[in-house]
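Written out below as structure tokens is the structure these notes cover.
Order of writing sets the labels: A, B, C and D. Residues in every chain begin at 1.
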Amino acid sequence: MRFERREHRPLYLLIATPVIAIIGALALAGILISIAGAPVLDAYWRILTGAFGSRLSATETLTRATPLMLTGLAAAVAFRARLWNIGAEGQFYLGAIAVAAASSKLLGNLPAPILIPLLLLVGAIAGMVLILIPLWLRLRFSVDEVVTSLLMNFIAVLFVSMLIDGVLKDPLAFGWPQSQSVSDHAMLAKLIARSRLHIGFAIAILLAIVIHFIQSRTVFGMQSRAAGLNPAGAVFAGVPLGRTLVKVACLSGGLAGLAGAIEVMGVKGYVTTDLSPGFGYAGIVVAMLANLNPLGVVFAAIFTATMFVGADGMSRGLGIPTYIADVTVALSLLTMLIALFFTQYRIRR
Amino acid sequence: MTQLFDIIASAGLWAAILRIATPLIFGTLGALLCERAGVLNLGIEGIMTFGAMIGWLSVYHGADLWTGLLIAAIAGGVFGLLHAGLTVTLGLSQHVAGLGVTLFASSFSYYVFRLIVPLANTPPTIVPFQPIAIPGLSTLPFVGPAFFTQTAPTYLAILIALLMAYIFFRTPVGLAIRMTGENPHAAEAQGVNPMKVRYGAVIAGSALMGMGGAFLTLSAFNSFFPTMVQGRGWICIALVVFASWRPGRALFGALLFAFFDAFQLRLQTALSGLVPYQLFLMTPYILSIAALAIMARRARVPQALMQPYRRGER
Amino acid sequence: MAAPFSGGGVAVMTGPVLEIVGVSKRFGANLANDDISMTLAWGEVVALLGENGAGKTTLMSILFGHYMPDAGRILIDGVELPQGKPRAAIRAGVGMVHQHFSLAPNLTVLENVMTGTEGLWSWRSATSAARKKLLAISERFGLTVDPDARLGDLSVGEQQRVEILKALYNDARILILDEPTAVLTNIEAERLFTTLKEMARQGLSLIFISHKLDEVMAAADRIVVLHGGKMVAERRAAETSKAELAELMVGHRVTRPVREPSTPGAVALEASGVTVRIGGIDRLKSISFRLHQGEILGIIGVSGNGQAALAHLLSGTLARSCGDLRLFGEVVGNLDVADVVEAGIGRIPEDRNHEGVIGEMAIWENAVLERIASPAFSRRGLVNRKAGMAFAREIIDGFDVRGGGPATRTRLLSGGNMQKLILGRSLYRRPRILIAAQPARGLDEGAVAAVHARLLEARRQGTAVLLISEDLDEVIALADRIQAIVGGRLSPPVNADGADARRLGLMMAGEWQETREPDHAI
Amino acid sequence: AAPLKVAGIHASPVENAWNSCLHKALQDAAKEGVIEYVFSEGVSGTDYPRAMREYAEQGSKLIIGEAYAVEKEARQVAADYPETAFVLGSSGEQAGDNFGVFGTWNHDGAYLAGMLAGKMTKSNVVGSVGAIPIPEVNMLINAFAAGVKAVNPDAKHLVSFIGTFFDPPKAREAGLAQIDAGADILFGERIGTADAAKERGIKSVGSLVNYTPRYPDTVFANAMWYFRPILNAAIADVAAGKPVGRNYTSYGLMKEGGSDIVFVKGVAPAEAEAAMEAKRAEIKAGTFEVPKMMEEPK
């Protein structure tokens, strides 16, 4: 059996494969659900209603999708230029802690209309700074950034842990290692009252559209794509490789940092070391599911959040282990990866 | 100052180092084996988790400890097979596939554990591996209690490190693995099937990862609970780089890392947190990055690492 | 079965060592091998000839087990070889030296050679025995290398030797060499053929692939010609001529355009004492040349002698270490690609797949990428897609690019059409200077004629063309003046009209000192 | 009356000792038919408020859990669901009518166990392994140390924190480090500590739940904490329609029957046990109060 690259990707395949992948993932999850002794069809129904069945569940799903969109965009932007940024998790935390620090130590007294954009910017810059280290190592020493950016995650989280145990520790938190809170007026407004859904969600969608526009319409987008697809060819065509990669990295790291900032300013209000249940890593999943398309990221993030929130709610309803939610998300990723492969290759003999 | 010296001169510290290092040695060797054949295996964190769970579960259900370890190895191998299927046969991007495997294997472990093991007040336990005093050596002053009163898997881990170094640099199969990691086309041209080598290396490497996980539940501790691997897998990935893909240095790297961890705990007891402990924990990561920056110049990274090999495609 | 040549004496064997029977192989819609049958006798040297893409490498890869044939069989000593198993081929005594080296730079020579030669599951590599054997072989055939050197530290010629040693180490009785001289200097190539002849005398059977008809005529006993995947002819070397072979290869008589006399204009580009150093090695050593408007200056030389550095320097992707560069009389600093394009320099890169195009991007994107920042194709950072598509369409029409529209992925074009696209985007704006590196390499005869016609037309319109090529006939046909590049140095120019292949050959070997004569052109 | 619908939300797996106290009390109440109990475990900080909301919307009348990592948001949720009663473990204050809090004050038992340990140590060094220096953990460890000092003023007390709430192997390593530093009795605020003691053949004290069955020859005393009194008070308030917005901590005190010491008789010297029993009676009678020291132990 061999695989042969497809020269053309038929439209029906592009539509059918994600559907097949989702069905596959649900079928596999169904096996696990039935092993737990729960009714499978009921479980599927509960996943759906758990994610979108009520105002609460729908807003919760979208709330959870928000950071995923941003980290997903971060991964998609970078991967498209073949910059393997696995460090979104660390960038997320750095963005978050930068916001907490800036708000509590420096800028907290500014009026909201100035403060909020400023804080978002600070978060984004913090993310950029973190990714520039692996990028510098790559450009300067040709060190592969997969491992370095992965390692930066641990350094970043330990750094955050050190700050919230030290200078940024909230004295009102009864000894708990958590950062000082961002000022109340720096919190993002709610999109829907009596829910956690905040305008960060709208910001994320807006950014996805902007990035889609950048990638498909601007010179920078074309150049970064060229740099990713064929560096030597890009150089020959006059694409400044280093500069383009720096820009891509800043965009990617900035988005991940912004994700952290928005999570703090939209939901949590302060930083702890469990602020992110792996949003940075999940962003990679989301980006792959979206085939690195920025608009696709919006849907992939909502899909991932749907699977998670829905399966999470389902597990509560049916009394089966909560961990089924993560299992379902992981299965969706794996089946989707395989399905995407078959849009690009066919089996021969 | 004398306090620091006391800590370093205590046999307990050195015994702890070996103990803390053991799962890292297994995991690092496993990741190293995969990478030498050209496959980055970020599935390690999940594979270690699953190994910890299944090894413990087997023993809890009556298997003896060695069988538990073996089952963990086999389970690791099965996840290795999954990773190899994704990255070698399909040639998917290795880090994404690896993250997928980690996500799946860890959540699947928790799920299975929760299904099979009833809820209890405190985690159910097994009788773990007991320290073996090596006759003759264990009675030596200092050195004895420090190095020769470990549990059997610790000795096994060190043995495997030495064995792996021997295999890599002294046997034909080791050469075939290294060649595959450097240039699979060249391996193929000399009659070595790079697909098979990669499958073999990823499966065997993942089996070692599974054993590393099982050490946590069968020797370091006596019960399983979610999140117990606590990022050790990622540390192993870093250690491979730090070790510049050499088993001997991997051993050293794991011990160094364990030193920081063990020292940190003891320093805390002695000094009550004058230096943020996070700084200690950061050190190995920073060292790894520095090592990578220095080494990349000499280009000793397996040249085909993360490059899919597709037969007949050019 | 003992290798016949290892006995040293001349044994007498009957029947073919190798038979290829009815081999076919298809890649997608492309029939790369079409029912090919051929044989190889003991101690015989067969040359495999054919245009690029004729299917030579494919046939040899099938013989060696890299590819599975769709149909056909391979017999060695009358025994059928299992398909798709390089290991089986090696065991049967087939050794292959690949067109692109397959070596591991981080391993030592000995390790590279030893891989796969022992049973995988032995507990010890017999390293010292292997070293002894390697040294013995290298001595016997005059292929000296240090077994413990790291492969990446060796020169290209030495790496080629390691490739051959690898095959011989496996007791190969049939040795396949896929374009072994492509990257060698003339001297190295000559030495190689001496060695190969010695091997054949000792009983080895050889198949070698080459585009160089001189080599083929000199070294081969028999010549097999492929065309479009089919075997079209088989000749004894003694009974054929270069002219006949050329026609057999191409399939028909092709008339290439001829250069008309003209008078060159002002100096467009002048280099004096330019040195380019990469990683501590001088790729170009104080070279000087003048390029006039309306002339074609040919740079000949065996590849690897600095052509790439020269082309990159003038394409704006490489900086010089010292020396002066003048554009239309004005001294210029280090040029980047934007400057070069801005200055009206068109560029045809040597490696079209690697540098010339970005295969996954659309034709229109490749057409405009190098000028994307110019107002013609973008405004305030926004790409003017419409203008780009229109430009691409004009190139497609004007340069007869077949195989897709502006939005087609470029990878889907064949080599010749890709080259026409590159030519089109470089020539469309009537550049004042054109840097053409191996512009006809890998093209079939029809496409070659088209490219040549375009270059001559550009010359007629006053463009200054720098033609870097390994193909002497091409340079003689197109260039007004010729300079040879050897080891990073440039010979003084000679007039093309008086030059013959023999003399140019000497120049390419670095022997221009003896043949120096006054430069008529300047 | 129909059983009250109660939901438990556990941030950790329910094996975690503290959660297991809640879980067990809730399960017992459910078995007795007093309540209907549903629960989630291992709920991350991000998901915790959602779980609260989901249970509230699903009609749970009382929600039991822990606000520590989500103090701010938990109060927000409670404000959004005034019909639902929330009683959560917290280091902070109650809020509004429907957000009650409780602390984990089993320091009385820890003090008493310290009195035993102080008389038992031969090296005159004891150690405590804690999670994170938050007030409740500090209070517990300080009480143990105070108990030791009360009977043995010269004893040295070592402390280490493992920086997380649930990492038994790490607690074990921390315990071993203290043994290496001379300790011969360990107070295990965290599970895993007793494993170190067991390995080195010394004695250890447990916290919250009874560890003696698990480590029969090692854990000789436990500073028990029972959640049932707090739960009962909360259930009663909800049933009576009274606001739960108050602090339930005191129901967990020894004199209320919410905590106690459970120990193996005959391990400590008889006179030590007698002294301890005397103190225990005083505490129960309210004549002696164990000092509440919330600052980080050194």
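The rule is short, and it goes like this: a contact is a pair of C-beta atoms (placed from the backbone, for glycine too) under 8 Å apart; a residue touches a chain by one contact, two chains touch by 3 or more.
Keep in mind the model is a prediction, meaning the values are calculated, not measured.
Asker: What is the set of chains touching both subunit A and subunit D?
Answerer: Touches both subunit A and subunit D: B.
Asker: Look at the interfaces A-B and A-C and say which one is made up of more C-beta pairs in contact.
Answerer: Of the two interfaces, A-B and A-C, more C-beta pairs touch across A-B.
Asker: Between subunit A and subunit B, what distance separates the C-alpha centroids? Give it in angstrom.
Answerer: 28
Asker: Taking the mean of the C-alpha atoms as each chain's centre, how many Å separate subunit B from subunit C?
Answerer: Centre separation, subunit B to subunit C: 46 Å.
Asker: Indicate the whole-number Å distance between the mean C-alpha point of subunit C and the mean C-alpha point of subunit D.
Answerer: Distance between chain centres: 77 Å.
Asker: Specify, in ascending order, the residues of subunit B that touch 2 or more different other chains.
Answerer: Answer for subunit B, listing residues that touch two or more other chains: 110, 226, 311-312.
Asker: Where in subunit C do residues touch two or more other chains at once?
Answerer: Residues 68.
Asker: Multi-chain contacts in subunit D: which residues touch at least two other chains?
Answerer: 42, 163
Asker: Could you classify the connectivity of these chains, where an edge means two chains touch, as line, ring, star, complete or other?
Answerer: Its topology fits none of the listed shapes; call it other.
Asker: Pull out all the chain pairs that touch, please.
Answerer: A-B, A-C, A-D, B-C, B-D
Asker: So in the complex, which bits of subunit C are touching subunit A?
Answerer: Against subunit A, subunit C makes touches at 28, 68, 315-317, 336-338, 340-341, 347, 349, 354-361, 365, 369-370, 372-373, 378, 381-383, 385, 412.
Asker: For subunit D, which residues count as touching subunit B in their complex?
Answerer: The contact residues of subunit D facing subunit B are 13-15, 17, 20, 23-24, 42, 127, 158-161, 163, 166-170, 172-174, 176-181, 191-192, 195, 209, 211, 214, 298.
Asker: Please give the residue numbers of subunit B that touch subunit D in the complex, ascending.
Answerer: Result: residues 10, 12-13, 16, 19-20, 110, 119-123, 125, 216, 220-223, 225-228, 230, 261-262, 265-266, 268-270, 272, 277 of subunit B touch subunit D.
Asker: Considering only the defined contacts, which subunit A positions touch subunit D in the complex?
Answerer: 54, 56-57, 60, 64, 161, 173-177, 181, 194, 196, 267-270, 272, 274-277, 309, 312-313, 315-317, 319, 322-323
Asker: Under the touch definition given earlier, write down the residues of subunit B that touch subunit C in their complex.
Answerer: Counting only subunit B, the residues touching subunit C are 170-176, 178-179, 182-183, 185-193, 299-300, 302-303, 311-312.
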